[in-house]
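Both complexes shown next keep subunit A, but they swap its partner, so subunit B is in the first and subunit C is in the second.
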Partner chain A sequence: MIKKIYKSILAIIIGHITVLKHAFKKRVTLEYPEVKPLLNDKFRGEHLFDINKCKACGMCQKVCPANAITIIKDENGLNEYSIDYKKCIFCGNCYYYCNFNAIMPSSNFELACSSKESLVITFKKAEEA
Partner chain B sequence: MNYLLSIFIDFFANFGIPKEVVYIIFPIIPFCIVAAALILVVLVLVLVERKILALFTQRKGPNRVGFCGILQTVADAVKLLCKENIEPNVTDRILFSLAPIIAFVPVMVCWGIIPFSSEFDFISISVSSLLFAVIAVIPVIGVILAGYSSNNKYSLIGSVRSAVQVISYELPIMFVILSVSILASSLNIKDIILSQTSMYQVCGWYIFPCFLGFVILFVSSLAELNRCPFDLPEAESELVAGYNTEYSGMRFALFFLGEYAMLFVSSAFITALFFGGFLSPFGFYISEKIFNNNVLAQIGIYFEQAFWFFIKSFLIVFLIMWVRAVLPRLKSSDLLKFSWRILLPLSILNFIYICLFKYIVMIGGLK
Partner chain C sequence: MTNLFKTMEINVGPQHPSTHGVLRLILELDGEIIKSCKPVVGYLHRGIEKMAENRSYLQYLPIVDRIDYLGGFFNSYAYCDCIEHLAEIDVPDKAKYIRVLCMELNRIASHLLWLGTFMLDLGASSPLFYCFRDRERILHIFEALTGQRMMYNYFTFGGVRFDIPSDIIDKISVFIEDMPECINDYENIITDNPIFVSRCKSKGILTKKNALQYSITGPNLRASGVNLDFRKSNPYLVYDRLNFDVSSDISGDAFSRYKVRIFELHSSLKIVEQCISFIKNSSDEFLNKSVKPVMLNIDNAEYTSSVESPRGLMSCTVMAGGKNPYRVKWRTGSYYAVQVLPELLINAELADLMAIFGSLDVILPEVDK
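Right, the complex of A and B next:
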C-alpha cells in the first residue's frame, strides 16, 4: 500500500518535471499567414492542367469519385475542361490515372475565395486562327 | 477599515454631509473595489491560463489581439456580452435565470472576506476562515439548479457530479482549516496571517509545520474548483460542457466569471493560511525603506502588502495550472475513493499531529 502511494507520488512529480521541461523547448506554432508550413512532396493541392497535353480521353472524369471534372468535346478533340473545387475532395485519382501527365498536383492550398463561381476553374482550348 | 472610515467621514464632513449618510454609503466602496478587482483578475487569469498551457505544450498561445495578445480576453468578453441570451424551450425559467446569480454572488462575498492587506478586510468577523469555507460551497447550489433547470441530461449529470465532489472534499478542507486555526489560536484570517510573523521571516509560515495540510487543502481545492484532474462536472469528452451546456451569453459569462474568480480567491485563501498572506517574505517592507517612515510609507505598506498577496496567490494559481497541464482526468469512482479512503484519514492524522506540535513545540507543554 505504502509502496503504491510512494510510486504514484513519484510518477506525479516526474510528470510535472517532464512537462516543465517542455516550457523551455522551441515553440512549434507556425504563425500561418506570415510563415507557411513546409509541405510534403506528395501534397495534393490545386491542379496544374496542361491543355496541350490532354487528349480528352475522359479517364479522369470516369475515376473522379466526386464528379468534379467536366470535359466538353467537339470534332477537333478537347474544347473545354473544368474542375469544380466545390466538389473536389483532392483524392488524387485524376492525376494518378492520367496517362499523358496532363494533370498534375501542385502545393498551392490557399483556394479560399469569396464567390461560388470562381471555385469552378475552366480551361479553354486557344482558338487556332 | 476604521482608519479608512474616519478619513472618509472627514472628507464628506467638508461638504457638510452628515455622518449617518456616510455610514450608509461607505460599504459601496469596498463593493466597487471588489467588483473591479474581480473582473480585472479574471481577465488576467484567463489569459494567463491560456498562455501557461501554451507554454507547457510548446505552443505560442494567443498573440494577435493587442501586444502579445494581452487584449484577447477583453475581446472574448465583449463577444460573450454581445451574444444572444438563448433559453431552451422547456426549462424552469426562474431557476434557470437564478442559477448563474447564485453561482456568482457568493464568490464576491468570498473576495470581501479575504484581507488583501492589513487594513483592507472588508468583512471582518472573528470566524472569517469558517465563514469563507461555508460560503465557498454555496456556488454549488447554483450549479445544481443550473443542471436541474436546463432540462438536459448532460447538465444534470454534471451538476450531480459537482455536488458529490463538494460533499466528499468539504470534510478534509474543514480539518485543515481547523488545524491551521489551532496553530494560530484564531479563526480570523487576518489573525492567522499576522500570527505567521516571526523573527526567522519565511520560516514562520505555516507551510513548514503543516506541509501535509497544505497538500490536502490544495488537492481538495482542486476538487472544489472543478479543476483538472477533478474536472468531472465539465468533462468535455463525456458531458459536452457539463452543467452550463444550455447557457449562453451573459449567463454563461457569469458562470465563467464565478469559476475563475473562485480559482483566484481559493488560491488567496491557501496563501493566507500557509504562505503568510500579505506578509513580506523579507521580513520588512520595501516601501518602509524607500520612503523613510513618513506618511507615504504608511500608505505604501498597504499597497505593498496587497502586492505580496497577489504575487503569492498567482504562484498558487500557476501551480494549479501546471497540474492541469500534467494530470489526466480521474474516474468518478476513483475520485470518491481518493477522498474518503486517503484524504480524509490523512487530514485527521494531520489534525492530531498539529495538535501535538502546538502542545509540544509551540507551547512547550512537556517541559
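Right, the complex of A and C next:
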C-alpha cells in the first residue's frame, strides 16, 4: 500500500515536471487576424482564372465532383466562365487536369462574404471594340 | 416507494462534446449504473456510397477523403487500389513508398488526436495541447506536400500527384527525430498517473470472444489479445519489405487500448524512417504517366481492397459499370466499435461512459458515411 502511494506520488511529480518543461517552450499559435499563416504555393484556396488562356474545352467541368463550374460558349468560343463557391469543395481537380494552365490555385483562403450572390464568381470575355 | 426500483432512461447526445461527431446514446440507468445502452447512428449520413453512382471514377476520388477525415490517405488508397486492379494499372515502386510514408504519418496524426481528446474526456487538458501541437507539424508537412491539411486528394490512379521535394523530406526527418521524445513526454504525464490508471484499468473490458463476434479490428482487437494486423497478415503495398513490430495486449480494457496505440506511434515512426531512406535514393517515377484517368472506362468487374486504417480494417468494394461505378461499398472499423459499445457498458458507471467510448477511437463520419 505504501509502495503504491509512493509510486503514485512519484508519477504525479514526474508529470508535473514534464508539464512545467513544456510551459517554457516556444509558442506555436498565431494571433490570426493580425498575423497571417505562411502558406505554400500548392495551397488550394481561391482559383485564379485567366480567360485568355482558356479554350473552353470543358475538362474542368468534366472532372469537378461538385458541378461547381459553368461554361457558356458562343460562336467565338468561350463567352462566360463561372465558379460557384457554394458548391466548390476545393479538391483541385480543375487545375490538376487543365491542359492550358488557365485555372490555377492561389493561397487566398478568406472567402467569407455577406451575400450568396457574391459566392458565384463570373469571368466574362472583354468585348472587342 | 415504487420509484425506487424503477430504472431511468436518459439520452446522451446527439450533440455532446465527447461523442467525436454526432452520436446519440439511449441509456437505461439504475442509479449510477448503466443497465442497457442503445446507440443511434446516422446523423452524419451523407450518402457517400450513393454519390459514386452518378460520378465518374475520377470525380469520386476527392469525395472519399471525407469518409474518415482523420485518415484521408487510407480512404484514398483503398479506392485507388480498387481502380488500379480493375483497370490493370501498374504503380511505380517510389509511389508505393510515398503512399506508405503518407499513410503512416497520417496514422500518427490520427492517434495523436485520439490521445488528446481521450485525455480531455477523462479531464486532463494539457496532453490535448501537446498532442495538437505535434500533430500540427504533420499537418504542415501534408499541406506543403498536397495543398491541404485534411482533404488531400493526393493519391491518384497509378501513383501520387506530385513528387516529394527534398525540403519536405528534411522536414519529415527532423520530425521523426523529435517525435520519440514527445511520445516519452506524453507517457511521463499519462501512463503512471494514478487518476488515469484508476479510470482506465479494468474499465470497458472487451473480451476476445466479443471482439471476434462483433468483427472488431485494429488496435481495439489487438488490445483484446488477438495479434491481427492487416499490414502483417496480408501485406499490401510494400509492407512486406519493411521491418516493423505489431503490439498486442491481453487485458482488453481501456488501458491496454491506450498502450497498443502508443506502441503504434513508435512503430509508425520506424516505418516512416525506412520509407524516407528508400525515397531519397530512388530515381523511379512517382506516377504511371500512361494512365488517362479522365477517360477511364472499366468493364463489369468487382474488386475489394483492404487497408489497415487507424481505426481498424477499412475495405472498399467497387463494382465497375462502364464509365462510372455501379456500386461502391465501404467497410469501416468504427461502425463495429459502436455496435460493441452496449456490451462494454453493461453494469458500468455513467461516469465511465466517456472513458470507455473514448478509448474505442470512434469517428462518427466513418460510421454514418
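Heads up, the rule we're going with is that the second predicted complex is superposed on the first by the 117 of 129 C-alpha atoms of A that agree within 3 Å, B and C clash if a C-alpha of one lies under 4 Å from a C-alpha of the other, contacts with A are read in each partner's own complex, and residues count from 1 in each chain.
In this text, a residue touches a chain if its C-beta (ideal position, glycine included) is under 8 Å from a C-beta of that chain, and two chains touch if they have at least 3 such contacts.
Keep in mind it's a predicted model, so treat the numbers as computed, not measured.
Peer 1: Do subunit B and subunit C fit side by side on subunit A in the superposed arrangement, or is it a clash?
Peer 2: clash
Peer 1: Taking the superposition on A as described, I'd like to know which of subunit B and subunit C A:L78 touches: first, second, both or neither.
Peer 2: It touches nothing on subunit B or subunit C.
Peer 1: Have a look at where A:C94 lands relative to subunit B and subunit C in the superposition and call it first, second, both or neither.
Peer 2: Once the two structures are laid over each other on A, A:C94 reaches no partner at all.
Peer 1: Would you sort A:L20 into first (subunit B), second (subunit C), both or neither based on which partner it touches?
Peer 2: first
Peer 1: Go through the superposed model and pick first if A:A68 touches only subunit B, second if only subunit C, both, or neither.
Peer 2: neither
Peer 1: Is A:I12 in contact with subunit B, with subunit C, with both, or with neither (first, second, both, neither)?
Peer 2: Touch partners of A:I12: subunit B and subunit C.
Peer 1: Contact-wise, after the overlay, does A:C54 reach subunit B, subunit C, both or neither (first, second, both, neither)?
Peer 2: The answer is neither, since A:C54 touches no partner chain.
Peer 1: Compare subunit B and subunit C by how many residues of subunit A each one touches, and report the one with more.
Peer 2: On the superposition, C touches more of the residues of subunit A.
Peer 1: In the superposed arrangement, does A:V28 touch subunit B (first), subunit C (second), both or neither?
Peer 2: After superposing on A, A:V28 lies in contact with both subunit B and subunit C.
Peer 1: What stretch of subunit B clashes with subunit C when the complexes are fitted on chain A: 25-33, 79-87 or 151-159?
Peer 2: 151-159
Peer 1: Where on subunit A do the contacts from subunit B and from subunit C line up?
Peer 2: Residues common to the subunit A contacts of subunit C and of subunit B are 12, 15, 19, 22, 28, listed in rising order.
Peer 1: List the residues on subunit B that touch subunit A in their complex, please.
Peer 2: Spelled out, the residues of subunit B in touch with subunit A are 54-60, 63, 322-323, 325-327, 342.
Peer 1: What residues of subunit C sit close enough to touch subunit A in their complex?
Peer 2: Listed in rising order, the residues are 55-56, 58-63, 126, 130, 133, 136, 143-148, 151, 153, 161-162, 185, 188-194, 294.
Peer 1: Provide the residue numbers of subunit A that touch subunit C in the complex, in ascending order.
Peer 2: Residues 7-8, 10-12, 14-15, 18-19, 21-22, 28, 39-40, 42-44, 59, 62-65, 89-93, 96-97, 105 of subunit A touch subunit C in their complex.
Peer 1: For a test of understanding, state which residues of subunit A touch subunit B in their complex under the given definition.
Peer 2: Those in contact with subunit B are residues 5, 12, 15-16, 19-20, 22-23, 25-29, 31.
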